[in-house]
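As written, the chain order gives the labels A, B, C and D, with residue 1 at the start of each chain.
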(Lines give C-alpha, C1' and ligand atoms only; values in the text may rest on other atoms or scores of the structure.)
Protein backbone atom coordinates (compact mmCIF):
# COMPACT_ATOMS: atom_id res chain seq x y z
CA UNK A 1 0.00 0.00 0.00
CA UNK A 2 2.98 2.39 0.39
CA UNK A 3 1.07 4.36 2.98
CA UNK A 4 -1.84 5.25 0.70
CA UNK A 5 -5.23 5.53 2.38
CA UNK A 6 -8.37 5.31 0.24
CA UNK A 7 -11.53 7.35 0.67
CA UNK A 8 -14.57 7.19 -1.61
CA UNK A 9 -16.85 10.03 -2.63
CA UNK A 10 -19.85 10.08 -4.95
CA UNK A 11 -20.19 13.19 -7.14
CA UNK A 12 -23.19 15.23 -5.98
CA UNK A 13 -25.46 16.92 -8.49
CA UNK A 14 -24.75 20.24 -6.74
CA UNK A 15 -21.05 19.68 -7.49
CA UNK A 16 -21.57 19.64 -11.25
CA UNK A 17 -21.58 22.73 -13.48
CA UNK A 18 -23.08 23.85 -16.76
CA UNK A 19 -20.31 22.05 -18.68
CA UNK A 20 -21.99 18.88 -17.42
CA UNK A 21 -18.98 17.83 -15.33
CA UNK A 22 -17.87 18.05 -11.71
CA UNK A 23 -16.72 21.64 -11.09
CA UNK A 24 -12.98 21.88 -10.51
CA UNK A 25 -13.47 23.49 -7.06
CA UNK A 26 -15.36 20.38 -5.88
CA UNK A 27 -12.13 18.39 -5.85
CA UNK A 28 -10.68 20.72 -3.22
CA UNK A 29 -13.53 19.81 -0.89
CA UNK A 30 -13.11 16.08 -1.63
CA UNK A 31 -9.40 16.22 -0.78
CA UNK A 32 -10.33 17.81 2.54
CA UNK A 33 -12.91 15.10 3.21
CA UNK A 34 -10.19 12.51 2.49
CA UNK A 35 -7.84 14.22 4.97
CA UNK A 36 -10.56 14.12 7.62
CA UNK A 37 -11.16 10.40 6.97
CA UNK A 38 -7.41 9.75 7.02
CA UNK A 39 -7.00 11.57 10.35
CA UNK A 40 -9.97 9.65 11.78
CA UNK A 41 -8.34 6.38 10.80
CA UNK A 42 -4.79 7.16 11.90
CA UNK A 43 -4.83 9.92 14.51
CA UNK A 44 -8.12 9.72 16.38
CA UNK A 45 -9.80 12.36 14.26
CA UNK A 46 -9.37 16.07 13.69
CA UNK A 47 -11.52 17.00 16.67
CA UNK A 48 -9.28 14.97 19.01
CA UNK A 49 -6.22 16.72 17.57
CA UNK A 50 -7.75 20.13 18.20
CA UNK A 51 -8.59 19.06 21.74
CA UNK A 52 -4.88 18.35 22.24
CA UNK A 53 -4.23 21.98 21.33
CA UNK A 54 -3.15 21.64 17.73
CA UNK A 55 -4.87 23.12 14.70
CA UNK A 56 -3.87 22.72 11.05
CA UNK A 57 -4.07 25.41 8.39
CA UNK A 58 -4.01 24.85 4.65
CA UNK A 59 -1.14 26.87 3.18
CA UNK A 60 -1.05 25.60 -0.39
CA UNK A 61 -2.72 23.48 -2.99
CA UNK A 62 -1.87 21.99 -6.37
CA UNK A 63 -4.20 20.02 -8.63
CA UNK A 64 -3.96 18.53 -12.11
CA UNK A 65 -7.17 17.45 -13.83
CA UNK A 66 -6.71 14.58 -16.28
CA UNK A 67 -10.28 13.52 -17.03
CA UNK A 68 -13.70 14.92 -16.28
CA UNK A 69 -15.82 13.37 -13.54
CA UNK A 70 -19.59 13.49 -13.90
CA UNK A 71 -22.65 13.33 -11.68
CA UNK A 72 -22.95 10.15 -9.60
CA UNK A 73 -19.42 8.97 -10.37
CA UNK A 74 -17.87 7.08 -7.50
CA UNK A 75 -14.32 8.33 -7.08
CA UNK A 76 -11.55 6.94 -4.93
CA UNK A 77 -9.43 9.62 -3.29
CA UNK A 78 -6.06 8.05 -2.47
CA UNK A 79 -4.16 10.09 0.11
CA UNK A 80 -0.83 9.86 1.90
CA UNK A 81 1.18 12.16 4.10
CA UNK A 82 4.29 12.69 2.02
CA UNK A 83 6.45 14.99 4.11
CA UNK A 84 6.64 16.52 7.60
CA UNK A 85 9.17 19.21 8.40
CA UNK A 86 9.02 21.46 11.45
CA UNK A 87 5.57 23.05 11.50
CA UNK A 88 4.78 21.98 7.96
CA UNK A 89 3.40 18.86 6.32
CA UNK A 90 2.25 17.87 2.89
CA UNK A 91 -0.31 15.39 1.56
CA UNK A 92 -0.35 13.79 -1.87
CA UNK A 93 -3.50 12.62 -3.64
CA UNK A 94 -4.62 10.49 -6.54
CA UNK A 95 -8.25 10.69 -7.65
CA UNK A 96 -9.33 7.59 -9.53
CA UNK A 97 -12.47 6.16 -11.13
CA UNK A 98 -12.40 2.40 -11.69
CA UNK A 99 -8.62 2.43 -11.45
CA UNK A 100 -8.20 5.23 -14.01
CA UNK A 101 -6.57 8.50 -12.99
CA UNK A 102 -9.01 11.42 -12.95
CA UNK A 103 -6.84 13.94 -11.11
CA UNK A 104 -3.83 14.21 -8.85
CA UNK A 105 -2.46 16.83 -6.52
CA UNK A 106 -1.07 17.84 -3.18
CA UNK A 107 -1.90 20.15 -0.29
CA UNK A 108 0.45 21.90 2.12
CA UNK A 109 -0.38 22.57 5.75
CA UNK A 110 1.04 24.17 8.87
CA UNK A 111 0.33 23.29 12.48
CA UNK A 112 -0.51 26.13 14.84
CA UNK A 113 -1.31 26.34 18.53
CA UNK A 114 -5.12 26.10 18.76
CA UNK A 115 -5.18 28.93 21.28
CA UNK A 116 -2.66 31.48 20.00
CA UNK A 117 -2.67 30.43 16.30
CA UNK A 118 1.13 30.69 16.31
CA UNK A 119 3.09 28.08 14.37
CA UNK A 120 4.24 25.05 16.36
CA UNK A 121 6.17 21.98 15.25
CA UNK A 122 4.01 19.04 14.27
CA UNK A 123 3.92 17.15 17.61
CA UNK A 124 5.85 13.86 17.58
CA UNK A 125 2.72 11.84 18.46
CA UNK A 126 1.05 13.28 15.38
CA UNK A 127 4.08 12.68 13.17
CA UNK A 128 3.97 8.99 14.01
CA UNK A 129 0.24 8.79 13.34
CA UNK A 130 0.40 10.69 10.07
CA UNK A 131 3.15 8.51 8.64
CA UNK A 132 1.71 5.17 9.76
CA UNK A 133 -1.91 5.28 8.73
CA UNK A 134 -4.39 2.59 9.55
CA UNK A 135 -5.54 0.41 6.72
CA UNK A 136 -8.27 1.77 4.52
CA UNK A 137 -11.71 0.53 5.52
CA UNK B 1 -39.98 51.55 -2.17
CA UNK B 2 -42.15 50.01 0.58
CA UNK B 3 -39.04 49.16 2.56
CA UNK B 4 -37.52 46.98 -0.17
CA UNK B 5 -33.74 47.07 -0.45
CA UNK B 6 -32.12 45.89 -3.68
CA UNK B 7 -28.92 43.89 -3.98
CA UNK B 8 -27.45 42.60 -7.23
CA UNK B 9 -25.62 39.34 -7.82
CA UNK B 10 -24.17 37.85 -10.99
CA UNK B 11 -24.57 34.08 -11.36
CA UNK B 12 -21.16 32.42 -11.04
CA UNK B 13 -20.19 29.50 -13.24
CA UNK B 14 -19.53 27.46 -10.08
CA UNK B 15 -23.16 28.10 -9.11
CA UNK B 16 -24.56 26.34 -12.16
CA UNK B 17 -25.24 22.61 -12.41
CA UNK B 18 -25.42 19.93 -15.08
CA UNK B 19 -28.98 21.00 -15.97
CA UNK B 20 -27.32 24.15 -17.29
CA UNK B 21 -29.03 26.41 -14.75
CA UNK B 22 -28.18 28.00 -11.41
CA UNK B 23 -28.39 25.29 -8.76
CA UNK B 24 -31.32 25.82 -6.37
CA UNK B 25 -29.00 25.90 -3.33
CA UNK B 26 -27.18 28.93 -4.79
CA UNK B 27 -30.22 31.12 -4.09
CA UNK B 28 -29.88 30.44 -0.36
CA UNK B 29 -26.39 31.94 -0.44
CA UNK B 30 -27.58 34.93 -2.48
CA UNK B 31 -30.35 35.68 0.03
CA UNK B 32 -27.71 35.67 2.77
CA UNK B 33 -25.52 38.03 0.76
CA UNK B 34 -28.54 40.32 0.38
CA UNK B 35 -29.12 40.26 4.16
CA UNK B 36 -25.50 41.21 4.74
CA UNK B 37 -25.78 44.10 2.28
CA UNK B 38 -29.06 45.18 3.86
CA UNK B 39 -27.55 45.14 7.35
CA UNK B 40 -24.54 47.09 6.10
CA UNK B 41 -26.84 49.74 4.66
CA UNK B 42 -29.25 50.00 7.59
CA UNK B 43 -27.58 48.76 10.75
CA UNK B 44 -23.85 49.35 10.44
CA UNK B 45 -23.13 45.85 9.24
CA UNK B 46 -23.30 42.37 10.72
CA UNK B 47 -19.85 42.63 12.31
CA UNK B 48 -20.89 45.77 14.23
CA UNK B 49 -24.01 43.98 15.46
CA UNK B 50 -21.94 41.06 16.72
CA UNK B 51 -19.62 43.50 18.46
CA UNK B 52 -22.65 44.83 20.32
CA UNK B 53 -23.20 41.31 21.62
CA UNK B 54 -25.96 40.11 19.31
CA UNK B 55 -25.78 37.23 16.89
CA UNK B 56 -28.50 36.05 14.49
CA UNK B 57 -29.26 32.45 13.64
CA UNK B 58 -31.23 31.24 10.64
CA UNK B 59 -34.17 29.16 11.86
CA UNK B 60 -36.16 28.67 8.68
CA UNK B 61 -36.27 29.14 4.96
CA UNK B 62 -38.83 29.04 2.18
CA UNK B 63 -38.19 29.44 -1.53
CA UNK B 64 -40.30 29.20 -4.68
CA UNK B 65 -38.51 28.95 -8.02
CA UNK B 66 -40.48 30.43 -10.91
CA UNK B 67 -37.91 30.56 -13.70
CA UNK B 68 -34.40 29.22 -14.20
CA UNK B 69 -31.44 31.55 -13.91
CA UNK B 70 -28.35 30.81 -15.96
CA UNK B 71 -24.65 31.57 -15.88
CA UNK B 72 -23.77 35.28 -15.93
CA UNK B 73 -27.35 36.42 -15.32
CA UNK B 74 -27.52 39.60 -13.29
CA UNK B 75 -30.20 39.13 -10.65
CA UNK B 76 -31.72 41.70 -8.33
CA UNK B 77 -32.39 40.35 -4.87
CA UNK B 78 -35.11 42.53 -3.31
CA UNK B 79 -35.20 42.16 0.47
CA UNK B 80 -37.22 43.60 3.31
CA UNK B 81 -37.58 42.84 6.99
CA UNK B 82 -41.23 41.82 7.22
CA UNK B 83 -41.76 41.03 10.87
CA UNK B 84 -40.02 41.30 14.25
CA UNK B 85 -41.45 39.64 17.33
CA UNK B 86 -39.52 39.01 20.54
CA UNK B 87 -36.33 37.18 19.61
CA UNK B 88 -37.54 36.41 16.11
CA UNK B 89 -37.57 38.25 12.79
CA UNK B 90 -38.37 37.41 9.21
CA UNK B 91 -37.14 38.65 5.84
CA UNK B 92 -38.99 38.50 2.54
CA UNK B 93 -37.29 38.32 -0.85
CA UNK B 94 -38.01 38.73 -4.52
CA UNK B 95 -35.42 37.58 -7.04
CA UNK B 96 -35.80 39.33 -10.38
CA UNK B 97 -34.06 39.46 -13.75
CA UNK B 98 -34.87 42.50 -15.86
CA UNK B 99 -38.00 43.05 -13.82
CA UNK B 100 -39.26 39.49 -14.23
CA UNK B 101 -39.75 37.30 -11.19
CA UNK B 102 -37.26 34.43 -11.01
CA UNK B 103 -37.90 33.32 -7.44
CA UNK B 104 -39.37 34.50 -4.15
CA UNK B 105 -39.08 33.44 -0.56
CA UNK B 106 -38.51 34.24 3.06
CA UNK B 107 -36.09 33.41 5.86
CA UNK B 108 -36.69 33.26 9.60
CA UNK B 109 -34.11 34.23 12.18
CA UNK B 110 -33.60 34.41 15.93
CA UNK B 111 -31.33 36.73 17.88
CA UNK B 112 -29.09 35.18 20.51
CA UNK B 113 -26.55 36.56 22.95
CA UNK B 114 -23.20 36.37 21.14
CA UNK B 115 -21.54 35.01 24.28
CA UNK B 116 -24.04 32.52 25.71
CA UNK B 117 -25.98 31.79 22.49
CA UNK B 118 -29.23 32.03 24.47
CA UNK B 119 -32.19 33.73 22.80
CA UNK B 120 -32.56 37.45 23.47
CA UNK B 121 -35.15 39.91 22.21
CA UNK B 122 -34.16 41.76 19.07
CA UNK B 123 -32.66 44.95 20.63
CA UNK B 124 -34.76 48.08 20.06
CA UNK B 125 -31.91 49.87 18.25
CA UNK B 126 -31.78 46.97 15.79
CA UNK B 127 -35.58 46.89 15.38
CA UNK B 128 -35.52 50.49 14.25
CA UNK B 129 -32.67 49.88 11.84
CA UNK B 130 -34.19 46.75 10.35
CA UNK B 131 -37.51 48.38 9.64
CA UNK B 132 -36.12 51.63 8.23
CA UNK B 133 -33.50 50.59 5.74
CA UNK B 134 -31.33 53.03 3.91
CA UNK B 135 -31.99 53.52 0.25
CA UNK B 136 -30.52 50.96 -2.10
CA UNK B 137 -27.21 52.06 -3.58
CA UNK C 1 -41.15 2.54 7.92
CA UNK C 2 -44.20 4.43 6.57
CA UNK C 3 -42.34 4.89 3.32
CA UNK C 4 -39.39 6.72 4.87
CA UNK C 5 -36.02 6.07 3.29
CA UNK C 6 -32.88 6.87 5.28
CA UNK C 7 -29.67 8.37 3.91
CA UNK C 8 -26.65 9.31 5.99
CA UNK C 9 -24.30 12.24 5.49
CA UNK C 10 -21.28 13.38 7.48
CA UNK C 11 -20.88 17.15 7.87
CA UNK C 12 -17.84 18.30 5.88
CA UNK C 13 -15.52 20.97 7.23
CA UNK C 14 -16.19 23.00 4.07
CA UNK C 15 -19.90 22.95 4.98
CA UNK C 16 -19.36 24.78 8.29
CA UNK C 17 -19.28 28.54 8.69
CA UNK C 18 -17.74 31.11 11.01
CA UNK C 19 -20.53 30.54 13.55
CA UNK C 20 -18.93 27.13 14.01
CA UNK C 21 -21.98 25.26 12.69
CA UNK C 22 -23.08 23.68 9.44
CA UNK C 23 -24.16 26.50 7.13
CA UNK C 24 -27.91 26.50 6.48
CA UNK C 25 -27.41 26.19 2.70
CA UNK C 26 -25.58 22.88 3.20
CA UNK C 27 -28.85 21.19 4.14
CA UNK C 28 -30.27 21.94 0.70
CA UNK C 29 -27.45 19.95 -0.86
CA UNK C 30 -27.93 17.08 1.61
CA UNK C 31 -31.63 16.85 0.78
CA UNK C 32 -30.70 16.56 -2.89
CA UNK C 33 -28.17 13.84 -2.11
CA UNK C 34 -30.93 12.00 -0.21
CA UNK C 35 -33.26 12.31 -3.24
CA UNK C 36 -30.55 10.86 -5.47
CA UNK C 37 -30.02 7.93 -3.07
CA UNK C 38 -33.79 7.41 -2.82
CA UNK C 39 -34.17 7.36 -6.61
CA UNK C 40 -31.26 4.93 -6.90
CA UNK C 41 -32.95 2.60 -4.43
CA UNK C 42 -36.49 2.83 -5.80
CA UNK C 43 -36.40 3.92 -9.43
CA UNK C 44 -33.12 2.77 -10.93
CA UNK C 45 -31.39 6.09 -10.38
CA UNK C 46 -31.74 9.61 -11.72
CA UNK C 47 -29.59 8.90 -14.77
CA UNK C 48 -31.88 6.03 -15.80
CA UNK C 49 -34.90 8.30 -15.44
CA UNK C 50 -33.30 10.93 -17.67
CA UNK C 51 -32.51 8.24 -20.22
CA UNK C 52 -36.23 7.45 -20.32
CA UNK C 53 -36.81 11.06 -21.32
CA UNK C 54 -37.89 12.57 -18.02
CA UNK C 55 -36.13 15.30 -16.11
CA UNK C 56 -37.12 16.76 -12.73
CA UNK C 57 -36.85 20.42 -11.75
CA UNK C 58 -36.89 21.79 -8.21
CA UNK C 59 -39.72 24.32 -7.94
CA UNK C 60 -39.80 24.97 -4.21
CA UNK C 61 -38.17 24.37 -0.90
CA UNK C 62 -39.03 24.75 2.77
CA UNK C 63 -36.74 24.11 5.72
CA UNK C 64 -36.98 24.54 9.49
CA UNK C 65 -33.78 24.41 11.52
CA UNK C 66 -34.27 23.11 15.07
CA UNK C 67 -30.72 22.49 16.26
CA UNK C 68 -27.28 23.28 14.94
CA UNK C 69 -25.21 20.54 13.33
CA UNK C 70 -21.43 20.76 13.60
CA UNK C 71 -18.39 19.47 11.75
CA UNK C 72 -18.15 15.68 11.52
CA UNK C 73 -21.72 15.10 12.76
CA UNK C 74 -23.31 12.05 11.18
CA UNK C 75 -26.83 12.99 10.17
CA UNK C 76 -29.64 10.78 8.98
CA UNK C 77 -31.71 12.35 6.23
CA UNK C 78 -35.13 10.65 6.28
CA UNK C 79 -37.00 11.16 3.01
CA UNK C 80 -40.33 10.16 1.56
CA UNK C 81 -42.31 11.10 -1.50
CA UNK C 82 -45.42 12.67 0.03
CA UNK C 83 -47.52 13.66 -2.94
CA UNK C 84 -47.71 13.27 -6.71
CA UNK C 85 -50.19 15.26 -8.77
CA UNK C 86 -50.01 15.71 -12.53
CA UNK C 87 -46.55 17.02 -13.34
CA UNK C 88 -45.75 17.82 -9.73
CA UNK C 89 -44.44 15.87 -6.76
CA UNK C 90 -43.28 16.68 -3.27
CA UNK C 91 -40.76 15.14 -0.88
CA UNK C 92 -40.72 15.43 2.90
CA UNK C 93 -37.58 15.24 5.03
CA UNK C 94 -36.50 14.79 8.60
CA UNK C 95 -32.86 15.45 9.49
CA UNK C 96 -31.83 13.64 12.66
CA UNK C 97 -28.71 13.14 14.76
CA UNK C 98 -28.82 10.14 17.11
CA UNK C 99 -32.61 10.13 16.88
CA UNK C 100 -32.96 13.84 17.71
CA UNK C 101 -34.54 16.20 15.21
CA UNK C 102 -32.05 18.68 13.73
CA UNK C 103 -34.18 20.01 10.89
CA UNK C 104 -37.21 19.18 8.78
CA UNK C 105 -38.54 20.33 5.46
CA UNK C 106 -39.93 19.59 2.04
CA UNK C 107 -39.08 20.16 -1.60
CA UNK C 108 -41.40 20.55 -4.58
CA UNK C 109 -40.57 19.31 -8.06
CA UNK C 110 -41.96 19.20 -11.58
CA UNK C 111 -41.31 16.65 -14.28
CA UNK C 112 -40.43 17.94 -17.73
CA UNK C 113 -39.64 16.29 -21.03
CA UNK C 114 -35.84 15.90 -21.10
CA UNK C 115 -35.77 17.13 -24.69
CA UNK C 116 -38.22 20.01 -24.83
CA UNK C 117 -38.21 20.92 -21.11
CA UNK C 118 -42.00 21.21 -21.26
CA UNK C 119 -43.99 19.93 -18.29
CA UNK C 120 -45.20 16.35 -18.54
CA UNK C 121 -47.18 14.25 -16.08
CA UNK C 122 -45.08 12.13 -13.77
CA UNK C 123 -45.04 8.84 -15.73
CA UNK C 124 -47.02 6.02 -14.08
CA UNK C 125 -43.94 3.76 -13.85
CA UNK C 126 -42.22 6.52 -11.87
CA UNK C 127 -45.26 7.15 -9.66
CA UNK C 128 -45.20 3.52 -8.56
CA UNK C 129 -41.49 3.59 -7.88
CA UNK C 130 -41.59 6.87 -5.97
CA UNK C 131 -44.36 5.73 -3.65
CA UNK C 132 -42.97 2.23 -3.00
CA UNK C 133 -39.35 2.76 -2.15
CA UNK C 134 -36.93 -0.05 -1.52
CA UNK C 135 -35.78 -0.56 2.03
CA UNK C 136 -33.04 1.69 3.27
CA UNK C 137 -29.60 0.08 3.01
CA UNK D 1 -0.50 47.73 -15.43
CA UNK D 2 1.72 44.96 -16.94
CA UNK D 3 -1.41 43.30 -18.23
CA UNK D 4 -2.96 42.79 -14.79
CA UNK D 5 -6.74 43.07 -14.59
CA UNK D 6 -8.37 43.67 -11.21
CA UNK D 7 -11.61 42.14 -9.98
CA UNK D 8 -13.09 42.65 -6.53
CA UNK D 9 -14.97 40.13 -4.42
CA UNK D 10 -16.44 40.42 -0.94
CA UNK D 11 -16.11 37.31 1.25
CA UNK D 12 -19.55 35.78 1.78
CA UNK D 13 -20.56 34.34 5.13
CA UNK D 14 -21.26 31.04 3.39
CA UNK D 15 -17.63 31.02 2.24
CA UNK D 16 -16.24 30.98 5.78
CA UNK D 17 -15.63 27.85 7.83
CA UNK D 18 -15.48 26.84 11.49
CA UNK D 19 -11.91 28.13 11.75
CA UNK D 20 -13.50 31.57 11.32
CA UNK D 21 -11.77 32.24 8.01
CA UNK D 22 -12.61 32.00 4.32
CA UNK D 23 -12.44 28.32 3.35
CA UNK D 24 -9.53 27.56 1.02
CA UNK D 25 -11.86 26.17 -1.67
CA UNK D 26 -13.60 29.55 -1.91
CA UNK D 27 -10.55 31.06 -3.58
CA UNK D 28 -10.92 28.64 -6.49
CA UNK D 29 -14.37 30.06 -7.17
CA UNK D 30 -13.11 33.65 -6.87
CA UNK D 31 -10.34 33.00 -9.42
CA UNK D 32 -12.99 31.69 -11.81
CA UNK D 33 -15.15 34.77 -11.23
CA UNK D 34 -12.07 36.89 -12.02
CA UNK D 35 -11.50 34.96 -15.26
CA UNK D 36 -15.11 35.56 -16.26
CA UNK D 37 -14.78 39.28 -15.55
CA UNK D 38 -11.48 39.39 -17.45
CA UNK D 39 -13.00 37.65 -20.46
CA UNK D 40 -15.98 40.03 -20.35
CA UNK D 41 -13.62 42.99 -20.41
CA UNK D 42 -11.20 41.74 -23.06
CA UNK D 43 -12.92 39.13 -25.23
CA UNK D 44 -16.64 39.88 -25.25
CA UNK D 45 -17.41 37.43 -22.47
CA UNK D 46 -17.31 33.68 -22.06
CA UNK D 47 -20.75 33.19 -23.59
CA UNK D 48 -19.66 34.96 -26.78
CA UNK D 49 -16.58 32.74 -26.96
CA UNK D 50 -18.70 29.62 -26.65
CA UNK D 51 -20.97 30.94 -29.37
CA UNK D 52 -17.93 31.13 -31.64
CA UNK D 53 -17.45 27.40 -31.03
CA UNK D 54 -14.72 27.44 -28.41
CA UNK D 55 -14.95 26.11 -24.88
CA UNK D 56 -12.26 26.23 -22.19
CA UNK D 57 -11.54 23.49 -19.67
CA UNK D 58 -9.59 23.89 -16.44
CA UNK D 59 -6.69 21.42 -16.47
CA UNK D 60 -4.70 22.53 -13.44
CA UNK D 61 -4.57 24.77 -10.44
CA UNK D 62 -1.98 26.00 -7.97
CA UNK D 63 -2.60 28.20 -4.95
CA UNK D 64 -0.48 29.50 -2.07
CA UNK D 65 -2.27 30.95 0.94
CA UNK D 66 -0.25 33.64 2.75
CA UNK D 67 -2.80 35.18 5.09
CA UNK D 68 -6.33 34.32 6.17
CA UNK D 69 -9.26 36.26 4.74
CA UNK D 70 -12.35 36.68 6.89
CA UNK D 71 -16.05 37.37 6.40
CA UNK D 72 -16.85 40.63 4.63
CA UNK D 73 -13.26 41.25 3.55
CA UNK D 74 -13.04 43.01 0.22
CA UNK D 75 -10.38 41.28 -1.83
CA UNK D 76 -8.83 42.33 -5.10
CA UNK D 77 -8.20 39.43 -7.45
CA UNK D 78 -5.45 40.53 -9.87
CA UNK D 79 -5.37 38.34 -12.97
CA UNK D 80 -3.34 38.14 -16.17
CA UNK D 81 -3.00 35.67 -18.97
CA UNK D 82 0.63 34.59 -18.64
CA UNK D 83 1.11 32.10 -21.43
CA UNK D 84 -0.63 30.71 -24.50
CA UNK D 85 0.76 27.70 -26.36
CA UNK D 86 -1.19 25.61 -28.86
CA UNK D 87 -4.40 24.54 -27.15
CA UNK D 88 -3.21 25.58 -23.71
CA UNK D 89 -3.13 28.81 -21.75
CA UNK D 90 -2.31 29.82 -18.22
CA UNK D 91 -3.52 32.59 -15.90
CA UNK D 92 -1.66 34.05 -12.95
CA UNK D 93 -3.36 35.60 -9.91
CA UNK D 94 -2.60 37.75 -6.92
CA UNK D 95 -5.21 38.04 -4.18
CA UNK D 96 -4.78 41.19 -2.14
CA UNK D 97 -6.49 43.00 0.72
CA UNK D 98 -5.63 46.68 1.05
CA UNK D 99 -2.50 46.11 -0.98
CA UNK D 100 -1.29 43.18 1.15
CA UNK D 101 -0.85 39.75 -0.41
CA UNK D 102 -3.41 37.23 0.84
CA UNK D 103 -2.80 34.49 -1.71
CA UNK D 104 -1.33 33.88 -5.15
CA UNK D 105 -1.66 31.18 -7.74
CA UNK D 106 -2.23 30.10 -11.29
CA UNK D 107 -4.67 28.05 -13.34
CA UNK D 108 -4.09 26.07 -16.52
CA UNK D 109 -6.67 25.68 -19.25
CA UNK D 110 -7.19 23.99 -22.59
CA UNK D 111 -9.42 25.09 -25.44
CA UNK D 112 -11.71 22.51 -26.99
CA UNK D 113 -14.22 22.55 -29.82
CA UNK D 114 -17.58 23.35 -28.19
CA UNK D 115 -19.25 20.65 -30.27
CA UNK D 116 -16.83 17.73 -30.27
CA UNK D 117 -14.89 18.63 -27.10
CA UNK D 118 -11.65 17.81 -28.90
CA UNK D 119 -8.63 20.05 -28.25
CA UNK D 120 -8.19 22.94 -30.67
CA UNK D 121 -5.55 25.68 -30.77
CA UNK D 122 -6.51 28.84 -28.96
CA UNK D 123 -7.93 30.87 -31.90
CA UNK D 124 -5.78 33.84 -32.92
CA UNK D 125 -8.59 36.34 -32.26
CA UNK D 126 -8.76 35.02 -28.70
CA UNK D 127 -4.97 35.09 -28.26
CA UNK D 128 -4.95 38.78 -29.06
CA UNK D 129 -7.80 39.49 -26.69
CA UNK D 130 -6.34 37.48 -23.82
CA UNK D 131 -2.97 39.18 -24.00
CA UNK D 132 -4.31 42.74 -24.41
CA UNK D 133 -6.95 43.11 -21.74
CA UNK D 134 -9.09 46.16 -21.38
CA UNK D 135 -8.42 48.39 -18.44
CA UNK D 136 -9.91 47.34 -15.13
CA UNK D 137 -13.20 49.06 -14.36
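One rule holds for everything that comes next: contacts are C-beta pairs under 8 Å (C-beta built on N, C-alpha and C of every residue); 3 or more make two chains touch, one makes a residue touch a chain.
Note that this is a predicted model, so its numbers are computed, not measured.
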{"item": "Set of chains whose contacts include both subunit B and subunit A", "value": "C, D"}
{"item": "Far-end chain from subunit D, centres as C-alpha averages", "value": "C"}
{"item": "Same-residue or different-residue interface between subunit A and subunit D, half as cut-off", "value": "same"}
{"item": "Whole-Å gap between the CA centroids of subunit A and subunit D", "value": "24"}
{"item": "Whole-Å separation of chain centres (CA-atom averages), subunit A against subunit C", "value": "28"}
{"item": "Residues of subunit D touching at least two other chains", "value": "13-14, 25, 28-29, 32, 71"}
{"item": "Of subunit C, residues touching subunit A in the complex", "value": "12-14, 28-29, 32-33, 36, 45-47, 71-72"}
{"item": "Subunit D-touching residues of subunit C, taken from the complex the two chains share", "value": "13-14, 16-18, 20-21, 23, 25, 70-71"}
{"item": "Touching residues on subunit C, where the partner in the complex is subunit B", "value": "19, 24-25, 28-29, 32, 55, 57-65, 68, 105"}
